[in-house]
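The following pair of complexes shares a single chain, chain A, combined with chain B in the former and chain C in the latter.
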Partner chain A sequence: MSFLIRTKKKFSRVIRALFKKKQMRIGIYGPPNAGKTTLSNRIVRDWTGDAVGPVSEIPHETRRARRKEGVKISDENGNSITIDVVDTPGVTTKIDYKEFLEYGIEQDEAIIRAREATEGVAEAMHWLREDIDGVIYMLDSTQDPFIQVNIMLVGIIESRDLPVIIIANKNDLPDAAPGRIKSAFPQHPVISISGLEGNNVEELYEKMIEYFG
Partner chain B sequence: MPHKCTQCGREFKEGSTEILKGCPSCGGKKFFYIKKDDIHKDILEEKSIKKIAEEKKEEIIEIKPEAKEKTEIYDRIESIRVVSPGSYELNIDKLAKGDEMIMQMGTDDKYIVDILSMAKPRKDKKKRK
Partner chain C sequence: MIQGVQIDLISSERLENLTKLEKVRLILDEVMEGNVIVLEKGLTPDEQSMLIETTMREITPDGFAGIEMETYSAGSSEHHKGGLFGGLFGKKESSSGRLTVIGPANQMKTLKKDKDLISTWVSSR
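What follows is the complex of A and B.
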């Protein structure tokens, strides 16, 4: 299976090289349930009318990286960028099928889900290494940003010199604390949005044009 | 009559069923009867463990709790640890560094090393700006 994916990737790389079309590939990273797919869907729907993938409240809904190519984002001043949006599985250090049982998933299915999620994390890290030109790092602003995965992953992204915009998502919730995220990552731009409600996404688009353009 | 563990000196009430499975403190299997008046005698007399050991002419055996595994997940050698089917621990730092896959099965030192993944030639990576 991975052989096929790799072959396909090589092919598309050759084709891209032939047409010399250079597009920024923006990976949406973050821990599970931060709202990565919700935001990807919003970006893609706002600018192309499509969707990227299904969302759910159960962690690890996205277990394969999904990509939408050629999304053109523009602002009022006529500035624009064309990017590929890559929605990635949530990155975490522990995956246990038991946590899915609480959501009413059968044991067999939960074990498969855990295995796929593990593959998904490995795949997301693989993408980060090879194919990503910029990162949108999603955080749930109702959660503690100082967990090791966040510090670690942002560190990995920094070590690759990739531009990163940090998003304090879910600002529509009453216990959202985007300030905490701002103080956790002062070295990067932090934008507080609600991917679900669409609050403040315009600011994100402007920042993306400025930062990734 | 109350019982007393010969190994650690813990005392038990008369007819205590706890001791049927061995002393809950030290796992000792031998108990002797003590007089009701003698219960808590060692404690009341403030005898030290050393003194009790001297009286019983036995060596002091200290059971140290097993040292907890201190290796952080990021310092480990494996990329993925399969704790049990459906339960995984991922070393994202290792995964970010390369395709080399080392998997650990269970919590014992049992590893699966994917040699194929290590033999791949390193791509000449140009630094992106």
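What follows is the complex of A and C.
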């Protein structure tokens, strides 16, 4: 009898494993200082009570792609998704350790930071080409979208046919103009939020359930 | 001896038979020697991404600091159809590259970038 029960349980586990939907990996991409880590921290803190990484004014504070697994987001109607949140370094084509010296960082530390930052950008590129299932594309709504948007990132998102939500971040600032970002991307959902203050993040969560679910 | 910077204008024909990796290596070898290159047709987003990934692995303190790379965004006709980037999203053929300029980050600086103009400044080493 116990043999039958054990066999049945084992069989059920195999069936569940076979048909279980893969947990989507959602990459948060965007230019340096757009607020990627601030938003990652907010999402992870709101739904797990944890955090992803530190935030600062120094460029390349996020120097490695950081993943928080199994973040479950739900709405009032009982709909939910479970995702991996991947916070990525800002995409850049150049890194010079001397930039960090301007922020009062010692040379040895600056060289280490620069090396970590190069590794992080390389990782972020690799993740986007190979392992990301959906993208939250962060833009700073106080800046001109034309200057910020990385055509390469948009091209990869397009060629891989990845679902994407565009964020017009920093709507708490007086010179925020999320309308410019909305008019630049009329074919995609653009959500105006403040990752720092939490303005309108509920709309983002609803859209994430709809788009990534 | 005249001081200056070598600028290579590479035709699309020269690149089209190369693999992604060969293209990336060709570009990076040129740029690491201090040359500026202009690609007639540019790179696909995937190739650009590989170029950035490889560039990052070549950066060294007080040595190679990376690249400056500029290309045009969506074509002007696409702007009218759906915003600045609406035409790029959802339009596969736009993924193929357009004229692109690439140079060493410590010698080249983009002065102005508009939808139909890229203005760069280049210094000799």
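As a convention for this text, the second predicted complex is superposed on the first by the 190 of 213 C-alpha atoms of A that agree within 3 Å, B and C clash if a C-alpha of one lies under 4 Å from a C-alpha of the other, contacts with A are read in each partner's own complex, and residues count from 1 in each chain.
The rule we apply is simple: contacts are C-beta pairs under 8 Å (C-beta built on N, C-alpha and C of every residue); 3 or more make two chains touch, one makes a residue touch a chain.
Treat the numbers as computed from the prediction; the structure is a model and nothing was measured.
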{"item": "Clash-or-fit label for the pair chain B, chain C on chain A", "value": "clash"}
{"item": "Contacts of A:Ser183 with chain B and chain C, given as first, second, both or neither", "value": "second"}
{"item": "Chain B versus chain C as contact partner of A:Val154, first or second or both or neither", "value": "second"}
{"item": "Contacts of A:Ala114 with chain B and chain C, given as first, second, both or neither", "value": "both"}
{"item": "Which superposed partner A:Asp133 touches (first chain B, second chain C, both, neither)", "value": "first"}
{"item": "Contacts of A:Pro145 with chain B and chain C, given as first, second, both or neither", "value": "second"}
{"item": "Chain B versus chain C as contact partner of A:Thr92, first or second or both or neither", "value": "both"}
{"item": "Broader residue contact with chain A after superposition on the shared chain, chain B or chain C", "value": "C"}
{"item": "Which of chain B and chain C A:Ile191 touches, first, second, both or neither", "value": "neither"}
{"item": "Chain B versus chain C as contact partner of A:Ala122, first or second or both or neither", "value": "both"}
{"item": "Where chain A meets both chain C and chain B, residue numbers", "value": "91-97, 111, 114-115, 118, 121-122, 125-126, 128-129, 149, 152-153, 156"}
{"item": "Touching residues (chain side chain A, partner chain B) in the complex", "value": "91-98, 110-111, 114-115, 118, 121-122, 125-126, 128-130, 133, 149, 152-153, 156, 161-162"}
{"item": "Touch list for chain A against partner chain C, complex", "value": "91-97, 111, 114-115, 118-119, 121-122, 125-126, 128-129, 145-147, 149, 151-159, 164, 183-188"}
{"item": "Contact footprint of chain A on chain B as seen in their complex", "value": "73-74, 79-80, 83, 85-93, 95-99, 123, 127-129"}
{"item": "Chain C to chain A touching residues, read off their complex", "value": "44-46, 48-50, 52-53, 55-57, 59, 61, 65-69, 71, 73-74, 82-86, 88-92, 94-95, 105-106, 113, 115"}
